[in-house]
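Here subunit A shows up in two complexes: once beside subunit B, once beside subunit C.
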Partner chain A sequence: MNTQHHRRQMTSLIQREFWEHKFASFWVPIIILAISLLVWLRFNLGSASFLVDQLANLALLPAAEARAQATLLVAMPTLPFASSLLIVIPIYLLMCLYEDRKTGSYLFWYSMPVSNTKTVLSKLITAALLMPGISLLIYLALCLGIIFLCTLTLLLHGEPLTAIGILLASLSRWSVQLFLLMIYLAFWLLPLYGWLLLISAFARSVPVFWAIGLLLMLALAERVILSSSYFSTWLSSRGLPYSEIFNNYTNLFAAMPWYEMSYGLLLGSILLAGAIMMRRFPD
Partner chain B sequence: MKKMILKSRYTLLGSIILLSFLIIMMEGIITGREAGRLDFDNPWISIDINEQ
Partner chain C sequence: MNPLISAKGLSKSYGKFKALDAIDVEIAPGAIAGLIGPNGAGKTTAMKAMLGLCDFTGDLQVCGHDPREQRHLLMQDVCFIADVGILPKWMQARQAIEYLSGVHPRFDRNKAQQLLAKTSINPHSRIKTLSKGMVTQLHLALVMAIDVKLLILDEPTLGLDIMYRKEFYDRLLSDYCDQEKTVLISTHQVEEIEALLTHLLFIRKGRLILDSSMDAIPDTFHEVLVAPEATTHARLYNPLHERKLLGRIAFIYHNQDPEVLRSLGEVHTPAISDLFVAMMQGAQE
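So, the complex of A and B:
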């Protein structure tokens, strides 16, 4: 009963985040889907014979080569979705708690039986799982739509559908990889998420200035005062995820950088705890 | 101690930053992370800026 109550509360909070940031979490990937589809139609509908030739060639390639080429084809539309998430998620995390205070909506949530921990965690889950999850689903819809159009084109030209099978197999493999990467990044980037939430809860104005300025100041202070660069070295080491996860996703447990991961989780938890405690100071 | 940390938003932020910074420094010293150089290397991108 108690667990159910907590789960219901958390679900409501995440739903609230979705409705309040519907443009960033839903409409941005939908716009990307529409633009990608238009671009694809523009380049392929005009020259259907070229598309048919390409698909026929794919079916003639040796299995490994065909798989690699098909993976490249289905992976390409990932780029605009990933790029938009790189912009949308940091902005969301940096602004969410800040805007709660600026608009005064935190007063309403203070009057509700919802703890600061749940409020901050709901924002973290929205950024780390909900937004990438929605983008992933919309990306899948785009790929399936394009594969459906390819199928129609092949059928209209009376060609065999061998290439469609190869494309679908590559898409399913690539989707699993993206899903695992999404879960992995949720943990890998926890220090960054924690930092942005902490600054969002702290800043009275221009949170982006605080978020970047403080990091630069710390790195500079360490360099000048201590003549070392442990801080900037660590920061740069968290820049991109380990690509071993991508390549060895069938053996994820062995490929996981456990030490770096748990170290990041420790720091991320400290920063998140800071963000939760910071909520007690209203403007 | 707790009272001092939670005195204002600035003391709380300072404490959180100090704690995180100390952990990063200590971990860097213990594990010997490449201090004094920026070596960013992974299979996607590789940057190595060192004093020759």
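So, the complex of A and C:
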């Protein structure tokens, strides 16, 4: 078995995830793009002069202030994409291995010459990189579309295109930032992803009950037995990265808490190994 | 030659229920073996164990692998078709081909496309929109494009109409089976596959009650048509089974001297389905 074979298998496995979850990974962000575009048009189509004024004002601001405001403008449409991923990714991870076993086609998946490790990793890559990656590209398309419409409006009104340059610069900075954040989160959230995959590989029914129930039970047990709450505190701190990371986005990796990142990676790897072992037999 | 499948004391219990009870069996390369038994006899469990889909006790080697530990390596050499439509419902036929050509090193995409073109299946149709017969056709086309050593078929034609059933076995025999391919088929419709088989396995309540090559059947089993007045005499020779047939009584014997049997009446080789009934009922007593 050579690397080429492994790469080909992995590509096919991820492609399969994309086909099977095309609605969640592709159509949901497309729908968000369509709605966002409609909302933008609804507000700006009727009063083009207002838009022209806004853009002209942006061009008149001092450079730093203009950049901050432009960043705010391009960052705003990130919100619906990020919120949808917050729902889609955990559900996907929790259900993927469970459904491979529970639907009639488990015999098909299990009769393929694909190792459990590759199967579980393909699901992890789909959740941590493919789904957010597609959303990021569609978000970019939305922003570029809107900037293009702004450009047209300015041209029609014979105005200079200074604001467009500012917007594009902000968009490119923000996109790089989002891309880095995506990579960062793929590692930071590994314990969560590993946990969801483990439950998905192991639960015989209602995986969502197990995923949340076991964590609650652990927290409760700590409270009752040790009268402390380290576990629940740790859990809530782990859910999303510190707000400093969002605030200090100019230097995402410099602000990274190395110690917590590394034991998170260790814990995540252990949970992933558990998921791979649990996937061995479908019944 | 080393056997392709070799089991020693293969057992599997679900709680107190023994689905497989100390099965010993060897299947040689090139054999077309029928695993025949009533519903719930353990056919599917035996096949699942061979495919690494369930845990078990005892020894089991399939194509030189322990199915529990090396399922992904084993699956390069083994293909599997089950009665239930196991192809994913959301998948399109062309996606199934695409997927297999990515993950299976022995899959021949062109061959699958040629085989698919012989059917009326539209490559862009989703599997959930195909009829059961078409899903089986598609699955067979996929499997026939994979160059494996062992093909495991679990009631492959269950629920299909006679046209599809006949086509399925015709294709399997004419286009697929050769000296190098080994096939294990389970069914409870013996008569449909008896002409294909080179090896016969009867399973009942998790135990193998017959393990014989087809060639050995005429030497070991005999059916004798006995006149009604001679039945008491015929029963002295330990028949496995008796039944009324056109005014006479048909007795089935195991390992009896053909000379003695000829003195009782007309002797011939029993049909596999009659032998099946005889052994299943015989084992019950």
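By our rule, the second predicted complex is superposed on the first by the 268 of 283 C-alpha atoms of A that agree within 3 Å, B and C clash if a C-alpha of one lies under 4 Å from a C-alpha of the other, contacts with A are read in each partner's own complex, and residues count from 1 in each chain.
Here, contacts are C-beta pairs under 8 Å (C-beta built on N, C-alpha and C of every residue); 3 or more make two chains touch, one makes a residue touch a chain.
The structure presented is a predicted model; accordingly, all values stated were derived computationally and were not measured.
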Exercise. Now for A:G213: first (subunit B), second (subunit C), both, or neither, which partner does it touch?
Worked result: neither
Problem set entry | First, second, both or neither for A:R280, with subunit B first and subunit C second | both
For this session: Using the superposition on chain A described above, determine whether A:S236 touches subunit B (first), subunit C (second), both, or neither.
Result: first
Exercise. Is A:P160 touching the first partner subunit B, the second partner subunit C, both, or neither of them?
Worked result: neither
Exercise. Given the touch rule stated above, what does A:L267 touch, subunit B (first), subunit C (second), both, or neither?
Worked result: first
For this session: Applying the touch criterion given at the start, work out whether A:R8 contacts subunit B, subunit C, both or neither, answering first, second, both or neither.
Result: second
Exercise. Same subunit A residues contacting subunit B and subunit C, which ones?
Worked result: 280-281
For this session: Name, in rising order, each residue of subunit C that touches subunit A in their complex.
Result: 51-55, 68, 71-76, 78-80, 82, 84-91, 95, 98-105
Exercise. Which bits of subunit A are touching subunit C when the two form their complex?
Worked result: 5, 8-9, 11-13, 15-16, 19-20, 103-116, 118, 280-283
Seminar exercise, completed: In the complex, subunit B touches subunit A at residues 6, 8-9, 12-13, 16-17, 19-21, 23-25, 27-29, 33-40, 42-45
Exercise. For the complex, which residues does subunit A have touching subunit B?
Worked result: 198, 202, 214, 218, 222, 226-234, 236-237, 239-240, 242-243, 263, 266-267, 270-271, 273-274, 277-278, 280-281
